[in-house]
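Quick one: this structure, given as structure tokens, is what I'll be asking you about.
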Amino acid sequence: MSGFGAILRKDLKLEMRTGDSTITLIALSMLILVVLVLAFNPAEGRTGDLAAGALWVALIFAGMLGSSRALVAERDNSCILGLLLSPIDCAQIYAAKLAAAFIFMMVAEAAAVILLMLFFNLEFGMKLALLAPPVILGALGVAAVSTLLATIASRTRAGDLLLPVLVVPIFVPALIAGVKASAAALSGATMAELLGWIRLLIAFDVLFVAAGYLLFDYVVVED
Amino acid sequence: MKNTWQTGLGLVTLAAMVAAVYMALVGAPTEAEQGAVQRIFYFHVPCAMVTFASFGLVAIAGALYLWLGSQIWDDLEYAAVEVGMVFCTLVLITGSIWAKPIWGAWWTWDSRLTTTFILWLIYGGYLLLRTFGGDTPQVARFAAVVGIIGALDVPIIVVSVRLWRTIHPAVLLTRQGEHGLQDPRMVAALLISMLAFTTLFVWFLSLRFKMLRVHSRLTGLKRDLALWQAAGEGGR
Amino acid sequence: MSQPILEVHGLAKLYGTTPVFSGVELKVGPGEGVQIIGRNGVGKSTLIKTLAGLIAPTSGQSLVFGQESRWLKSGERRVGVLAHQSMLYPNLSARENLEFYAELYSIPSPSECASQWLERVGLEAAADKRVRTFSRGMEQRLAIARAMFAEPDLLLLDEPFAALDGDGVAMVTGLIKEAIARGRAVLITAHAPMELGGLRFEMLELVRGRLAPYGEEGRHARLRSLSAG
């Protein structure tokens, strides 16, 4: 597992130096929230649904961008070739890129949630605590799917446009589960009520992390 | 030899489709509540069945292509997506035609229709990837991965959309007549239709597969020729 | 001759229907060296990458210790590659780059290894500067260190002397000599035959997609142009 650790640490070190990814992700997430809130301008009492929806729109886009950024780090000077030549499994490269994207996303989501608290006058407490599981699981899921598909999209013409087209339909079940769970959490539901959605998110994550782990070999090698 | 099989299959398909159409339009009795438009059910459901089956086929062919590397599996997979896309579109269109007179709207966020729409988007993404990516073994590998991922997602999509719909009783739209097929003639019509659409799918698939095989073989021959020519030139 | 480290049979690469090279046969054993001469753009880089297993050949095989280099993916990977792309992270320092790679190769003390190699390629002064600030020659030195630090059994070096000054050339020649003395196999490419301090390398030429002994093709080309004109 040393490869995974080395690559992840290297990516985090690079990120601390340039801050490219996290800053853009935070900015993107906040902008999406602002736009959606302004666009929908909810009536009192319906804020839970809007907050949840806005949060997850921001999450999906941050996820796609975050994965692309984590992979882009290997494109300068074809560093990916250096990784492929080393004794490290491709699966460890996938795990490291997934972890990096996830970490960047969590930073951005934290900023988004703080903004949400301001916009909707939410307090700390059970509501936000229950918001954490769906958001964390959702971030993991979108990172898993996006890392795999972004590797494909980056090598294809019009890849930037292709990535959302590929990611969003695949991500829909997690999106549904996540938004429902988040909206319920924000309206004061109990953990028991969220359990069904959480289970779905866990199933999604397990499936796609495993799939990415197994299939990454086939998309990362060049031709 | 392949040709006679295909012609034979074509004829069987024709016969089955004729039987299915007859049963759907004439043989089965008119449904009490929905009237004549309900007959579209006999086309809608088999198309959906075939679409789901095609996803499974795409995943299997894709996995075999990645594992064995033989171009045949890639051609089968691509053909399955293209034909599956056609049937997926038919599900959406027939669903829409059915919905309008019954519920007054061209589109309902019914769980099955929504699921089918998402599958349609997944197939659409696959086809865009193939189109933008070009005709290389690398893109074929990419497409296989997308096909496998898409197919793996199908059960989760079905479950999540179903859960999603049960939370909105105000908008819940039940499909009457789907599980309450009283008349045995209706059951017969459905079964015959399922058989007919399955053979239709297989026939379309075989046609498309054959075309892709020819294209792949041609590309392979061109490559072999280029190699042979290069060998010839250097030897001089 | 002991078991060859690199064995190539009928290697060919086509992009679409355009051949880059075909019918490549090679055998390089321990302590042996090959120089492949070729003009710019003739396909030397593609050949190096295919030999290393980074690119899939259209046909034929490239075997390292009997295993296809394409699927050589384990601790057994003993190939060091210098390519046109440096494979260096611009925002890391030279030392950090080497330490990172040393970790990937499970070198017991990465920082010591990095310091040693930075000294050998003459980069101790710039060790902690970011690669982004390096000149082309400095980057080349670091890339060579990156290719060689794990003591690989096979060295595939694409134009190792590019962008180097006199000192640099001497340094690289010394490293190659040392590798040969230690029983490694070395394959380098160049656009003109390189003097390697007395080392006797097999000289080959990549011309019109074929690998031939250096000098023959040139003679044939001249004969053909004489008879035409």
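Just so it is clear, A, B and C label the chains in written order, and each chain counts residues from 1 on its own.
Everything below uses one rule, namely that a contact is a pair of C-beta atoms (placed from the backbone, for glycine too) under 8 Å apart; a residue touches a chain by one contact, two chains touch by 3 or more.
Treat the numbers as computed from the prediction; the structure is a model and nothing was measured.
Colleague: Could you find the two chains linked by the most C-beta contact pairs?
Modeller: Max contact pairs: A-B.
Colleague: Suppose every chain is reduced to the average of its Cα atoms; which one is closest to the average of all protein Cα atoms?
Modeller: A
Colleague: Going by average Cα coordinates, which chain is farthest removed from subunit C?
Modeller: So the chain farthest away from subunit C turns out to be B.
Colleague: Counting only Cα atoms for the centres, state how far subunit A is from subunit C in Å.
Modeller: Computed from C-alpha means, the inter-chain centre distance equals 39 Å.
Colleague: Need the CA-centroid distance for the pair subunit A / subunit B, whole Å please.
Modeller: Chain centres of subunit A and subunit B, defined by C-alpha means, are spaced 31 Å apart.
Colleague: Counting only Cα atoms for the centres, state how far subunit B is from subunit C in Å.
Modeller: Chain centres of subunit B and subunit C, defined by C-alpha means, are spaced 49 Å apart.
Colleague: If I count partner chains per residue in subunit A, which residues reach a count of at least 2?
Modeller: Within subunit A, residues 222-223 contact more than one other chain.
Colleague: Multi-chain contacts only, two chains or more: what residues does subunit B have there?
Modeller: Subunit B, residues with two or more chain partners: 137.
Colleague: Residues of subunit C that contact two or more other chains, please.
Modeller: In subunit C, residues 56 touch at least two other chains, as defined above.
Colleague: What residues of subunit C sit close enough to touch subunit A in their complex?
Modeller: It is residues 49, 52, 54-56, 73-77, 79, 81, 83, 85-92, 96, 100-101, 103-106, 146 of subunit C that touch subunit A.
Colleague: Note which residues of subunit A are touching subunit B in the complex, please.
Modeller: Subunit A residues touching subunit B: 145, 148-149, 152, 155-158, 162, 165-166, 168-170, 172-174, 176-177, 180, 196-197, 200, 203-204, 207-208, 211, 215, 218-219, 222-223.
Colleague: Which stretch or stretches of subunit A touch subunit C in the complex?
Modeller: Going by the criterion above, the answer is residues 2-3, 6-7, 10, 13-14, 17-18, 73, 76-79, 81-90, 221-223.
Colleague: Within the complex, which stretch of subunit C touches subunit B?
Modeller: 12, 14, 17-19, 22-23, 56, 58-59, 208-210, 212
Colleague: In the complex of these two chains, what residues of subunit B are touching subunit A?
Modeller: Within the complex, subunit B touches subunit A at residues 66, 118-119, 121-122, 124-125, 128-129, 132-134, 136-139, 141-142, 144-146, 148-150, 152-153, 156-157, 159-161, 163-164, 167.
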